[in-house]
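The same chain A turns up in both complexes below, where it pairs with chain B and then with chain C.
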Partner chain A sequence: MKKWFLPASFTLLAVFLGACGNETTTNEVTSDSTTEAATEQRIASLSIHLTNDLIALDIIPVGSVVGGSLGDFLPQSAPYLKDAVKYGPAKEVDMEALLVSKPDVIVADEEFATANLADYEDIAPVQLFDLDEGTWRDHLTLLGQNFNKEQKAEQFISDYEKKTEEIKAKLDEQFGENATAMAIRVTNKELRVFSTARPMGPILFEDLDLEPANGIVELGTEEPYQVISKEVIGDFDADIIFVVVNNDEEAQKVYDQLTASSVWQSLEAVQKDQIFVVSDQPWLDYSALGNSMAIDELSNQLKE
Partner chain B sequence: MTTWHKWRTIILLFLGSLASIILAISLGAKDISFMTMWTSIFHFDANNNLHQIIYEIRLPRVLGAAFVGMAFAVAGSIIQAVTRNSLADIGILGINGGAVLFVTICFAFYPAISYGWLTFFSFVGATLSTILVFSIGLVARGNLSPLTFTIAGAVIAAFLHAISSGIAIFFDLNRDLAFWYAGGVAGVTWGQLPIFITIVIIAVFVAILLGKQLTIIGAGQEMASSLGINIRFLLFSSMGLVVLLGGAGVAVAGSISFVGLIIPHVARKFVGHDYRWIIPASALLGSTLVVMADLLARIIFAPKELALGILIAFIGVPFFLIVAKKMEGI
Partner chain C sequence: MAPKRRNSLLLYILVTLLLVFLTFLFSINLGSYHLSLLEVANTLVGHGSDNSILVLFEYRLPRILIALVGGAGIAVAGSLLQSYTGNHLADTGLLGLHAGASFGLIIFMSFFSQSFLYAEMLIPFFAFIGGILAAILIVYLAKSKNRTINTNKLILIGIAVSALFNAITLFLSLRLSDETYSFAASWLLGNIWARDWIHVSIILPWVAIFSLLAYRLAHPLNLLQVGDEFAQTTGISVKYIKNNALLLAVLLSSGSVAMVGNISFLGLLAPHLARQLVGSDYRLTLPLSAILGSIILLLSDTIGRSLFEANPIPAGIFVAFIGGPYFIFLLLKNNRSV
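Moving on to the complex of A and B:
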């Protein structure tokens, strides 16, 4: 036992330290490569949200990761990605598929890509994005700068602001200027209430300028949502409730169960019919394309 | 320990279980007074918002927790008796393995499947894998030894899990599966309860009737055979109960580990080694543990909720250690 223990632990230590050293150097390479601008590059996207930012800039990546639970491209981006290679989910990127698609550059979400950064670097230069930093506008602007689409990025953002202003005015008119809102999702086992963090927070409380309902700010910003006891749903006292319901039978059934309950029916927002049922996609896709489509969807609902 | 002592213990455990249920209905994220709770049960007013919260949300949840705890604890006791393995739990006989495999197959080939059908197929999977384990046990040289069972169960479980993992990786289903199996009683509805409670009560009652034979088989199969016990019949019927209890529990609350493992030991500390007493004691202790764990999950960081499994381990382990230490002399 003891004979091999010492050399083995030294070897382990050496490997560990070596790995640490490697990471620092690749990080430097990364920051260098972001400064290079290019036009018609073959781009591989390792984030479904960055993919949809690219699509908003009229850039179609040669390949992209897919939505984790969906196992496919998000429905809002699928029509653009007919010829794109699927790399699997962001947590377990299919290296072979990535290699075969011969990208000139890889864009990736720091959260998932850091672990395998060295491998990605071997395939193509990597541009890392911290999606928790800033809004999708910042990510879009940065992508625009990196791929010579600055004008398109500006145009997209100003179009978005314009249509958001219209919706905002409609919401004010219909529900008053200080209307409070919350967004929830119900599953078979729990009630989730969305916090002010992405994906639901920014669009509701910044873009649409709704007031967070009582207790929403207290949920913190570390998580997109918190699991909350159903019995306090009335205490949030929201004027408007957004209910995220997936596009499948099961989710619909769970939602029907919720609406049938008298606790739900006693909510003021329900009695005043101030409920917006929205689908998980595009609403939970925090990207330029996702938020823009969500606003369009809301606009249609307000017309009805 | 005299019979009177045992009766007294069971009555105390029953009162403890009842008290935990009343406490769990009284407390929660929403501040509701004890009187309001009382009137909501005995003089329900459909227009009173607080009454609706108690009736629609808390009552089914707490009752669900009580019977889920009962189901897993009794299933654990039965398995520990027939395998003569005090580390046995429903996972060990390949029961979970079969259920997981069937649910995985459903997700892979028919993702839009409804909750009800998933429950049904998970039952079918559990039953088939139990039959498989049995057949192996029967084929293996004559006698059905507990060891053969444990090994057959472990091997089949490993095999089924390997197939499920393969399918889950290929179809990228891990998240769906994790969600289906996540343990919790927050979603229990009145609709599920009548049938679930009936199954649990009948199964526990039958288990108590089998209690004497389970105790004897614990002393060895030769002894049991010589006392005229039909071992195959006993094994078949007790495994049937385990599938029923385990399957119904998973269907209502997902997979909740640890209750079935630890509660039979605590029960033995209270009532000795006779399964006629261990089974009712396990039922009451299991229900108290899950009700209290769910109560804590709801109120520690209210209105945020914690995962039930964490709380069960969190209060189950210290409780187990205290009981083990205190009763050492008995």
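Moving on to the complex of A and C:
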């Protein structure tokens, strides 16, 4: 049994000897974030949606988590976040990166942050947001209140309402007031139809006031989407179809296959050319910035 | 053991321990938060700034220790399992023990993790129950009529049991909540999720105690290598020794993988390298396997977390990256020699 203790004691000895070798004290690299002006708080965001709400308020966080599957900031926010620190995905925040960014305050989504709350609080005070409650307008207003940007929040929301009113009028004009709509997404695995829940539901059926196509409401609001086979797209009998196609070749290929199929071509919406192909970002980003950019994108498509 | 041989063996142990130390230094110096060697050293001896203390003692050190201890546990378990099956290709991951442990872990995570303060102390026990369930199932199914274990059958059954438990785990986690599902999915990839001191305090005594008990089996395991009949003539109970080896393998592997994720091939890789270096004396291969297992897992985790900062790669993927081809190499070599 002695053989076991020998290695163990050697390791310990080695660690301590190695550590004692360079005994000089350095005080130069102590953290100090109090030099920041009180008005310009350094905000760390642990939710991609909160990050985009902050950007909508003209607040650039010092760092943010990245999109889980993307491994990077969302394309709509990336231009604003050139100097921001990447914290990794929300489910596995890189604590060291968070510390590097020296935040004064951390904003986070309750769903992901609760488990490691104590660790975050060691770094800076944490503001938790329940993003499942309320709309992005509520989150934006709340952030506005917390960071002295109430007016900006109000302004942003009223600009958004104005934009959507315009689009709504155009849609009514082109497709009639009672036009029904559905949104589907093609991925290389499956075909999905979006329910009235987030992220597609609110923007289509509330903001743009489109009628949900047959059977969309029945999908419930528990899940954002349901997997369907392409043969049943016609059963929804939608006047307008939004197709979310990821910005990559793979997704584009799947979409091309779908459009080549006879099932697709027999759809009324296709024959009337009432299809809107939209990208996953910003459309699936349920945030102030995401929805606002989606509306802008739609506006451009309607002009064409 | 001849003195000359003993000296060279001691050298191996010393050299590999030096490697552990170097890996440790490498790992403790890497991370998003930049700390110079000097700062690391100062912090380790108690002269660090608040931030460097936080980084080293709260973020890096516990994770490093968990990787070291978990790697050792899995390696020793692999070594024991190889002795139990009499086959050098046995691996706790391949044979389904990890899948069993994950089943126990998901049950814990879903129903008991919030039950009381320090509930996490129960994790190894839950994982062990899952692991032992899988082990009993596999051994029962793999035993042929004359009560011997056919290795090919064992491996195939291991794969089947593994698939079964993984399916149950994923099914349960899908039904329970998004969080449980993503936890299970990342666990399956071999993600070292345990990163706090509480986890160190759970895994360290667990692996230390059972490794020491395993070491006590070294001599009888050596006799078993010559053959069951021979071992029997020396007066040891072959069945007793083998059952103990299996039990310890399950205890060590399930306790370890519960904390460090589904690390496959490590239980195969480390004992093999150890045998290549010092031969087949379990008194030496067991400790050396443990040391090598520690090095491999810590190195994999360090590379995974530091090379791809925004998108950390789970340690299990790196281990499989080396272990998979090595396993194929051994299979081919084995086939040729038969």
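Following the convention adopted for this analysis, the second predicted complex is superposed on the first by the 265 of 304 C-alpha atoms of A that agree within 3 Å, B and C clash if a C-alpha of one lies under 4 Å from a C-alpha of the other, contacts with A are read in each partner's own complex, and residues count from 1 in each chain.
As a convention for this text, contacts are C-beta pairs under 8 Å (C-beta built on N, C-alpha and C of every residue); 3 or more make two chains touch, one makes a residue touch a chain.
These numbers were taken from a predicted model, which means no experiment stands behind them.
In the superposition on chain A, contact of A:176 is made with neither chain B nor chain C.
Legend: residue contacts after superposition of the two complexes on their common chain; A:99 is shown touching chain C, with no touch to chain B. In the superposition on chain A, A:71 makes contact with both chain B and chain C. By the document's definition of touching, of the two partners only chain C reaches A:122; chain B does not.
In the superposition on chain A, A:231 contacts chain B only, with no contact to chain C.
For chain A, the partner that touches more of its residues is C, with chain B and chain C as the two candidates. When the two structures are aligned on the shared chain, A:215 is found in touch with chain B, with no touch to chain C.
Of the two partner chains placed by the overlay, neither chain B nor chain C lies in contact with A:134. In the superposed model, A:190 makes contact with chain B only, not with chain C.
When both complexes are overlaid on chain A, the residue A:86 reaches chain C alone and has no touch with chain B.
The residues of chain A shared by its contacts with chain B and with chain C are 71, 88-89.
Residues of chain C that touch chain A in their complex: 13-14, 17-18, 20-21, 24-25, 31-34, 37-39, 41-42, 44-45, 47, 49-52, 54-55, 58-60, 179, 182, 186, 191, 211-212, 215-216, 283, 287, 291, 309-312. Taken in their complex, chain A has these residues touching chain B: 68-69, 71, 88-89, 187-191, 215, 219, 226-232, 234-235, 248-250, 253, 257, 261-263, 266.
Listing the residues of chain A that touch chain C in their complex gives 1, 3-4, 6-7, 10-11, 14-15, 18-27, 29-31, 66, 71-72, 85-86, 88-89, 91-92, 94-97, 99-100, 111, 119, 122-123. Those residues of chain B whose C-beta lies close enough to touch chain A in the complex are 28-30, 46, 49, 52-53, 56-58, 111-112, 114-115, 171-172, 175-176, 179, 182, 184, 186-187, 189, 254, 298, 302-305.
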